[in-house]
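Some structures are shown below for you to check.
Shared chain: chain A. Partners: chain B in the first complex, chain C in the second.
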Partner chain A sequence: MNLKKYVALTKAGIMENLTYRLSTFIMIVGNMLYLLVAYFLWKAIYASSGTDYVNGMSFYDTLIYLTLATALFTFMEMYIVWEIGRNIQSGQIVRDLLIPMDYRRYLFWSYSGSLVTHFVFTFIPTFIVICIVTHGAIPFGWNLPLFMLSVVMAVSINNSIDFFVGGICLYTESIWGINIMKQVLVALFSGATIPIAFFPEPLKTITLHLPFQAIYNTPLNILLGKSGDMAETFTGLGFQLLWCVVMTLISRGFWNFSIRRVTVNGG
Partner chain B sequence: MEPVLQMKHITKEFKVLNRREGVKGTLKDLFSRDYKILRAVDDISMDISRGEIVGYLGPNGAGKSTTIKMMTGVLEPTSGEILVGGNVPYKHRTKNAQEIGVVFGQRSQLWWSLPLIESFKILKDIYQIETKDYNDMLELYASLVNMDEIIKKPVRQMSLGQRTLSDILAAFLHNPKMVFLDEPTIGLDVSMKARIRTLIHALNKEKQTTVILTTHDMGDVDALCRRIVIIDHGKMLYDNDIEHLKQFFGAYRTLKLRPFGDRSDAEEKIKATVTDASVSSDDDWISVLVDESKTGVMKVLGQIQEIVKIKDMQLEEISTEEVIKKIYEGGPITQ
Partner chain C sequence: MKKKNFRFYLRLYGKILAQDLKSKMSYRADFIISTIGMIATNIAGFVSFWILFRNFPTVNGWGYYEMLFLYGFSLVALTPVQCFFDNNWSLRMYVRDGSFIKYCFRPVNLFFYFQSEVFDIKGLGQLAFGIGTLVYSWTKLAIAVTPLAILKTILFLITASLVMVALQNAAAATCFWITNSFYVLDLVLRFKDYAKYPITIFTPVFRFVFTFVIPIAFIAYYPSLIILRPDDVGVLTWISPLVGGLLFYASYRFWMYGAMKYSGTGF
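Presenting the complex of A and B:
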């Protein structure tokens, strides 16, 4: 495997993203506005609850968790499904299939540039602001490299889910409804909108056994040092790795099977 | 010479749902199993050698795109054998893609918001082009077109002509064995068309690249192709030299006349007198299509002169365009 051609796509993605300068600035400002809203919203919730801890999480815990989850969400939400859908309907997929590269890899690496830009322009600023606002509630140590590792796996799982949904689109030729459903499911079960700790008991158990929580919940818990000891951290990572492999296999198999529909039936 | 592309008895069938009308019909369609088989390409065979420029023609919906898609490996043929540079395209799509270049008139493979040179650099990495080959190619491009005016320009800001030009350059960049050009001159002005044709011709000469060109513009065909292949309803109608095509139909000549006095009256008279030629008219001219294998143009002219006073006349060779039109409309027989 020659990495150079993939890196070329990443670079292209970064350049394309940064070409629209105004949009880059709005991205940063918009993200900061969201932070402000989340801060006051949850402050109000905690103020009205009368206690310092709700479901075992303090105001700062919740704030950190949610803002970082959202920051992760904006950078990981890859819109690959939209892209696939658009490509199928416009016929651009034919053009893209003629690039001497596996289509899944091509799309993923084309998008990776946007991952990098969003990471730099939304996640890192959020992280810095949160660090300042919470006066160092986030520990600095081994959790940082492990967090990065965890994010990489999360991206992979998310990508697999997207391609699975993309595979469905090859049959339906329309994606809007399916993708909205996917987005809602992922946002809910991954803990990106409400911390999983707030879930009622049976739902919490179910959620913890689904791949979605490995996308946002696991990396965040690792970053925040929530998962107490090393053993728990590595269980989380192992769990992620497992889902990573399983989802890759499922989505790759399903996609390769489905793409034949395009090559056999012409889409 | 070793053929770059071989097709043997290629057939492609699509399963299409029989769609019903109206809202009720559409609802029923959701559960319908009522398919019909549509044969888009029917038993097509051809060999194309290195360095050839082949015009691939046919009316809309004739099966041209389907054939191109099978050649590029995006579609799998229902039956028959196909080899491109020794590869079976649909089995080794990625490998095949490395050997071919494709330009779809309306779709760009370039990075929309980036300057052209960045797209070239990305393509260099994707196709793993050696730096030396890449530089040579850019040098060749610079000698053929004015690169300064496009190289630093983002693709989205280009005119349609510049974009097509860029797309063609991008398709040739990795020095592929074969390039497919699908209506490259569609929507372009006359001078841009000429530039594109010159470019294609020069690249084909320089690199001995095989080019398959689909177009509806007979100007492209006349300027570039020596061989043409015509298909309609998925069947091959013609595969030979363009000269041969004209020769084949060259026995036809059109005699154009402008009579003194009333034209329709004169047309009636001519129709009554000249029996072995077909007569038609437009606003200016009465056209008499003469089959010279049956009768001479001069003889027809003589006959006409006796009954109608001629103000003006022209003699026209049949053009490629008309030949093609005749073939599309069903065989060489006139009207």
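Presenting the complex of A and C:
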């Protein structure tokens, strides 16, 4: 069936990622070092605040939130915009567009291998270490399957945003500037840098109405059980689904419109 | 052949820089968008700093303006590495696809030639931001402005830059052995973010590690003490210019050693 070609791409991606073993090893060790530093940093910050809860977040909550946000980032960020940008500049995009597979699917699946390796080597170790360090501050129950569901939707939203930004690259032929702006906006408004619970009021409300918070904030709140009752959890998931559909439509529409006027130098 | 002295290299750098700027200016849209991207990055960094300190007014006895000083100090200190040594990020790609060999055939210093190829003008925006932050916090802290204080600041800024450049050189040079140095560079980049926190928040073990193993404490903390806490200055602050110089030289030797003995791939 159709699935076979996707699996082949994933497999190739995994193999490509594991070619440089020492580099994979450094990735794991580096991540652990980062966890340690984050632990001490936030411990000190909470120790000097004098209270156990700041904006309804305890030290463990903040630690889990931020480290898992970073771990989610490492496997969700596929650097697709860089790839599109490079392909536009080198002209390789012409070849990729001729492949008998939808360009967007092709890009996603050829990068899915790195998603899998990063999930196994970054996210899972982080999750285990954080579970041990915080002595079970993460509740185990319905929140876990819902968290996974939420992460899948987050990957989709992130991918849509990437593709939308990739579409802008078709006009500007600028990679670095567009990309860095996207990264910065997503990192700040998704809660990956600072938990959204810490944001001061007008900014917080604005942020909660943007699609970015659905990438990290929603899944992490579900995992931590911060969203209160079931009704609120499902509202969060509903919003994610809505953003999923809206962003997919927007990015697809924009890409299909823009690709008609692509100009390629060389190649 | 005439010995190539410092002036020769300075003139050569000027010539290469002029060509590089001309080629960048020809992509005007990219240039403008990149500049906006850089400004956005700095604003986002500042916003997250501000949100954090709205929630936690002091960190381990360090107040808002003192932390702002450290932040500004690290921004300025990180400018040279951004402007002059950005090509380190591409080193692993040149080594992987074999094109690094082209640098080996020029009758000038290999390290110099490689680094001179890219001048990242975006770093200047960061410099402006950093100086602004530094001046602002300086006035708010009501530190006396004397020629000696300014001289000290400049000397220790140079020191801090040298440490950061050294760390990045060493990280990039690992690709001569492990080919894909991305995770090493990424690790250094992440630790760089921790340079703006006072090292006293860490436990003695980590204080040792961040002073002697991964010396990020020399990027902002030890040098800033001389302005912020003149009574607290220890021997580590006084020897930091020496440490900066030594580390830079060591990283240069390490880089050259790798470049001399790596076995090329591809081609």
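Convention: the second predicted complex is superposed on the first by the 261 of 267 C-alpha atoms of A that agree within 3 Å, B and C clash if a C-alpha of one lies under 4 Å from a C-alpha of the other, contacts with A are read in each partner's own complex, and residues count from 1 in each chain.
We adopt the following convention: contacts are C-beta pairs under 8 Å (C-beta built on N, C-alpha and C of every residue); 3 or more make two chains touch, one makes a residue touch a chain.
Note that the structure is predicted; figures quoted are calculated from it, not measured.
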After lining up the shared chain so the two structures overlap, which partner does A:20 touch, if you call chain B first and chain C second: first, second, both or neither? both
Of the two partner chains, chain B (first) and chain C (second), which one does A:199 touch, if any: first, second, both, or neither? second
Give one of first, second, both or neither to describe whether A:8 is in contact with chain B, with chain C, with both, or with none. first
Quick check for you: in the superposed arrangement, does A:95 touch first (chain B), second (chain C), both or neither? first
Greater residue coverage of chain A in the superposed arrangement, chain B or chain C: C
Both chain B and chain C touch chain A at residues 20
Using the touch definition from the top, list the residues of chain C that touch chain A in their complex. 27, 29-30, 32-38, 40-41, 44, 47-48, 51-52, 54-56, 58-61, 122, 177-184, 186-187, 190-191, 194, 197, 201-203, 206
Quick one: in the complex, what on chain A touches chain B? 2, 4-5, 7-9, 11-12, 15-16, 19-20, 91-92, 94-95, 97-102, 260, 262-266
Which of the residues in chain B end up touching chain A in this complex? 14-15, 66, 69, 72-76, 90, 93-95, 97-98, 100, 102, 104, 107, 109, 111-114, 118-119, 121-122, 124-128, 154
Report the residues of chain A in contact with chain C in the complex, numbered from low to high. 20, 22-23, 26-27, 30, 33-34, 36-37, 40-41, 44-49, 54-55, 172-181, 184-185, 187-188, 193-194, 198-200, 203
